[in-house]
Amino acid sequence: MSPILLQVIVGGLLLGAVYALFSSGLTLIWGMMNVVNFAHGDFVMLAMYVAFWTWAIIGGGPLLFTPLAAFALAVLGVVVYFGVVKPVMGGPMLAQMLGTFGLALFLRYSAFWAFTANFRTLPEDMIPGSFVVGGVRFEAAKVVAGIVALLLTIGLHLLLTKTRLGSRMLAVSEDRQAAMLMGIRPDRMQAIAWALAAGATGVAGALIATFFYVSPTVGETLAVIAFVVVSLGGFGSVPGALVAGLLIGVIESLSAFWIGAVYKDVLVYALFLVVLWVRPQGLFGKL
Amino acid sequence: MLIEARGVTMRFGGFTAVDAVDLDVAEGRITGLIGPNGAGKSTFFNCLAGDYRPSAGSIRFAGREIAGLTPESHARLGMARTYQVPHTFTDMSVGDNVMVGAFLRHRRTADARRAADAVLERTGLAGQARHRASSLGTAGRKRLEIARALATEPKVLLLDEALAGLTATEIQAAITLVRDIHRSGITIVIVEHIMEVILSLADRVTVFHHGRIISQGTPGEVTGDPKVVEAYLGRSLERQRQRAAEASG
Amino acid sequence: MARFVLAVAIAIALVFPLVFSGAFYERVAALTLLYAIAASAWNLIGGYAGQVSVGHVVFFGCGAYGAAVAYSEWGLPPIAGLPLGVGAAVLLAALVGVPTLRLSGHYFTMATVALAELIRILVGNVPVLGAAVGLMGPAVPRSVWDLSFTSSLPYYYLFLAVLAGLLLFTWWMERSRMGFYLRAIKGSERAARSLGIPVGRYKLYALMLSAGFTAVAGALYLVMVGFVDPDSGVGILLSVKMLIMAALGGAGTLFGPLIGALILVPLEEISNSLLGGQGSGVTFVVYGGIILLIAVFQPGGILAMVAGWWRKS
Amino acid sequence: QGTVKIGAIYPLSGNAASAGQSSKAAIEMAVDIVNQDLLDLGDLAMAKGAGLTNMKGAKVEVVFADNQGTPAAGQSQALRLITEEKVAAIVGAYQSGITLTASAVAERYGIPFLTPESVATNLTERGFKWFFRATPITSDLAAAYIDFLKERRAAGKKIDSIAIVNENTEYGSSIAESLRKAFGANGFNVTMEIPYSANTSDVQPQVLQLKDKNPDLVIFVTYTSDAILYAKAMRSLNYRPTMMLADNAGFNDPAFVEQVGNLVEGVINRSAFAPGNPGTIPHRINEMFKAKTGRDLDDPSARAMMGMLVMCDAINRAGGTEPAKIQAALKATDLKVNQILTGYRGVKFDEKGQNILAFTLITQMHDGKYVPVWPAGQASAPVKDYVGWR
Amino acid sequence: MSDTLLDISHIEVRYGDLVGVADVSLKVPDGGIVALLGSNGAGKTTTLNAVAGLVQATSGSIRWLGEEIRELPAFGVVGKGLTLSPEGWRLFVQQTVEQNLILGATPLVDKSRQRPLLERVYTIFPSLAERRRQQAGTLSGGERQMLAIGRALMSGPRLLMLDEPSLGLAPTIVETLYETLQALHREGLTLLLAEQSVELALDVADYAYVLQTGRTVLEGPAADLARDPTVQRIYLGLE
């Protein structure tokens, strides 16, 4: 394999890890809590701004702004749960879409209003440099993002499938009232789920900010892919999102390299439709 | 025979829920299906009604092979069923639930409405016709399921514990209803744990255990079978018998 | 009572633009009706059958591009492309419906998103459709058939007639077998099947009908606006708007989408007019905030709230 | 002393908001130039005298409208500006598709509409009588590039293979197409074309394709978001093209220049505006703009500013706000090089409304700033080789 | 009998415009087995749900050891030691049998009791033990009923409320279940049963209430009710 091709594949894998990272919070909320969060991309956008402004105002690096973004977003998650999601959960599924869509516009344009439409970037040396292994260049920032994506998804997966907390959160999303009969406080569980999901999104946003640009509409750019990643992987399956993210990353890179960049999305969407045609529950989903 | 099942088998992964079952249902009869919990009765029903495609075996309905046909074609051929775990259209009214069934044989709304009203009347749901179906309790939902199934004007009606959760009086009323349905020419297959129902309704009873048939015959024969007593009836038999005798006597 | 309210509403609809004249407001009224048509069309599959499509803009695009192509390729008046657009939409619905309608819930929704994005990208590369640049209608009207008017009133009444037709159809469908079947499918596909409903077929019918009417809205859009490009013709945001309007008013109800459009379109146009010029994004903060508030305080849609008042009074 | 209202339609929200807001600031500055008596701007149109001097010093008031990035909104807002705000004329609307629908309304109402920046060819092919365009169009730009590249070739640079990387919406694909045509007709070989979807999440494969084939000249036609990603990806994949040309837009965005300009030292660009050396009028205007917004005046904003000045000049000469008079004045526009702030050779409209003197400068990134390097008369520094990052 | 555990007096529950329960009063003594009888729609489920906190009684009072719990949410109620096995089972169908049972143990303060409780449920219902890794959504009807009851037992309650426990169970299992309930009762568990099967209920209960269209219309020691022929004919449909 030529070094360039190898580089394309490595680039695709790292990109895929970023997708997985980006999608982790969405999987939790969409797959587990059964709420479609149209504002997910905007959560990421806010996390990116937290990172940017932390750097611009206080200075410091990812070690400072990543936890800050996680914390800020976790708080936002809890606020959004109580302010928006909880009231609409009683209504039909469309009400959730309505609510989170309104929220998306609200957040996006509040950022727009507060920070203007200007593009911003963190300096190149936040997570500096790149290293060469076997003729293939690895960009440190993306490698870090990839590793964090892996850890985060594994952590979330274990949390959801292996712990009491995960089982309780799932119970609440399955049948809120029955969960209450078990002595579970549904609001607390949901708030924790939102805090976790939004916190993970915060980590994702902060790390992505180290190699991406920041603008009020940046969430839109990545959101559609995140939605595809989550459904391709199978709703509620955290490992599914990881695999789907990596798969889409590699396919995008290879198809952009071989067939043409215009068609890479066409290919991804077509692949997605074909997968659903063969496996209506996504790669790892349960029927 | 209206229904002839041969070697019907249903596997879930490594678990065989229904194991090579042969069963005949004679036209115009009431056939009872009993057996311990998890014996495979509902699974077998799902095979009959087309909800599951059996892993093996053949099912003939009025001489025609139907295993593997869709549930909707089963309904159109004249096979209607109720679910043990009710599947009500909760956002619709009780009357509209029945309308959905009635539309199978009546294209026009007015005709369907008339047919549905008749069914509602017959099943005693007329009073609640305008209530939302979500206000019904389990027993009410089950009755609604019978009404809905009846509205499709079936040849055979598969009742999966449709009488569970009724009081004694109501059971009597329900038995009368089922008899009435039967008299109107509908063949009935019924799964029920309330022996009183089986004893007073069924012409022929089949007993499932671990996915196989362990006994078959008239209610009297079956309840006298020690295998059935052991696996299913236990000591309650005497009581049940007594009650059934009272009921029919 | 209900009949009286309806009569009053119709009367208002007919005379409204004559009373509140002003070219801009007439246009807002016309646009409101146009989006009401699209949202009501979406409602057939998304509201009644409960299959939430976020890809409906492709059917809108069929209509818009159909009308545009009639002009750009054959020099016909755009409206002559309506049958082409509707035909294409219905055909496309049939083609994509078969594989996607098997999917349940969110998977269907996501499949429609993927489909819409896929088609948007493809349209951007098809020269006959103007590729990325887009297609325009006749710049200067050649005959009355170009339906190119300076005033928005003719559009208003045209759209009103179409909307009335669509609502009448929906009203009839609600009461027919189809309506019952769709609601049953929304309730429980499994139970619907057991009652003999060919679920796949009915969902497909609903999608095709919905697609056809959405395409009508698309063609009317082109007639009025005179230009379509991949973003405005097949951009996902428009799908979301159809959904939002229906949900806001009350999905699966006859007048829900219309009420949603009555709120959202004027809100969008007027907030843009009042606040847009500042360029600070406040328009959308307000717009998003209002949607958010309605969702939070009236999750069942405005119609549910009105129904509540109705019962009380 | 009255006021004259002029409408301005720009993308103040949506994906192009960054550019729209910049244009808005520039137009506001144009209005300041008109309304105030600024003697230090030399012969610049409308700078001398406060307000519209032929109309007793009437002040210009600009009414902004947000096109929200959609043709329908652009059209609604044009209608509102005309019928509700009663504007005398309109400028805008940035995106060609929106200019198309918005100007159609103005045409029906008989209100002059001038676009300072939309480049789509078909805009001036519609037989409109009220439509004017001040900016150079794609063929003008291609011509400038070709003249410039021919000089480079003559100076001994090898330009045998050319790659065009363009985003595939209207802007990118129409520029790419006219470049391809013009290059082909002038003996330049376009060996690679890499169209891609705008606002992409990743550009590495495209950069690797370039690195793989290593053409002599790489041309980027992209918006800001992608421009930033290209600059970063080229660095992280260690790819320095021999010669790199970026067509305006993203690579010209002040945010880009400021934040990642240091990664593309030596990139060649085009611009109708270059601040030039201290003391010059463009430099002075750039200073004023910076004082107002904190950013440099970029090319599209400068063109917007110029467009507004052209419109005010016409209204001033019309001496009144009757549309027909303004239309006639626009047709009679004849601004000379010294009267304009962009690198046009003047402003003079043909019968279709196109400015036949529109022209563009070639600039190059020198130490994190674009400086004009061509044509020789307006150059402030010599052309150098591509450096990239240090 | 000893003191009153649960004291419901004159509660009313509304579902929007519909009245689910109009006026119900009943007492559950500590260590007793109380049966709640009545035909379909009489309000048994609604009463139990109101106690458990799933629905709010609009008026009246519900006292637990003298403390008003009418407005307590369900998770608060279960924490006090009253557990309901609800109508319709309300299982967590996406989770396994064992996960469901462990969820039932959430209110336990002393987590070390979880294991023995689990073992006990598996002893009562051996078919659950066989299916501990199976998804609850794939269980048969009877198995679901067993799981629902087992799950309720997992909280180690002081008062166990069962809504139609015999529903869908095979006769042998019903026997075992009732034997078990009696055994648990001997260990000190108090029971409140809503049962359709009057005969069964009166067999195990020591006191019973009869509901009719949302009102308590009759009460008395189970043995008396079982004997009284008029009562049986009018309210219980026995002849």
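Per-chain numbering from 1; labels A, B, C, D and E assigned in written order.
Everything below uses one rule, namely that a residue touches a chain if its C-beta (ideal position, glycine included) is under 8 Å from a C-beta of that chain, and two chains touch if they have at least 3 such contacts.
What you see is a predicted model, and the numbers here were worked out from it, not measured in a lab.
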Chains contacting each of chain C and chain D, listed by label: A
Chain pair, A-D or A-E, that carries the greater number of C-beta contacts: A-D
Separation of chain B from chain E, taking each centre as the mean of its C-alpha atoms, in whole Å: 28
Distance from the mean Cα position of chain D to that of chain B, given in whole angstrom: 76
Mean-CA-position distance for chain C and chain A (Å): 31
Gap in Å, rounded to a whole number, between the CA centres of chain C and chain B: 44
Overlap residues in chain A, where contacts from two or more other chains coincide: 109, 112, 117, 216, 262, 265
Chain D, residues touching no fewer than two other chains: 13, 17, 20-21, 168, 197
Interface hub residues of chain B, defined as touching at least two other chains: none
Pairs of chains, among all present, that meet the touch criterion: A-C, A-D, A-E, B-C, B-E, C-D
Partner chain E, residues of chain B touching it in the complex: 12, 35-39, 41-43, 84-85, 131, 135, 137-140, 160-161, 164-170, 172, 193, 195, 231-237, 239-240, 246
Residue ranges of chain C in contact with chain D within the complex: 22-24, 27-28, 31, 121, 124-125, 131-134, 136, 139-140, 150, 221, 225-232, 269, 272-273, 276-279, 281, 283-284
In the complex with chain E, residue positions of chain A that touch it: 164, 167-168, 170-171, 174-175, 177-186, 286
Contact footprint of chain B on chain C as seen in their complex: 175-177, 180-181, 183-184, 186-188, 190-199
Chain D - residues contacting chain C, complex: 10, 12-13, 17, 20-21, 24, 63-66, 68-73, 75-77, 79-80, 82-84, 96-97, 100-101, 104, 107-109, 120, 122, 126-128, 168-170, 172-174, 197
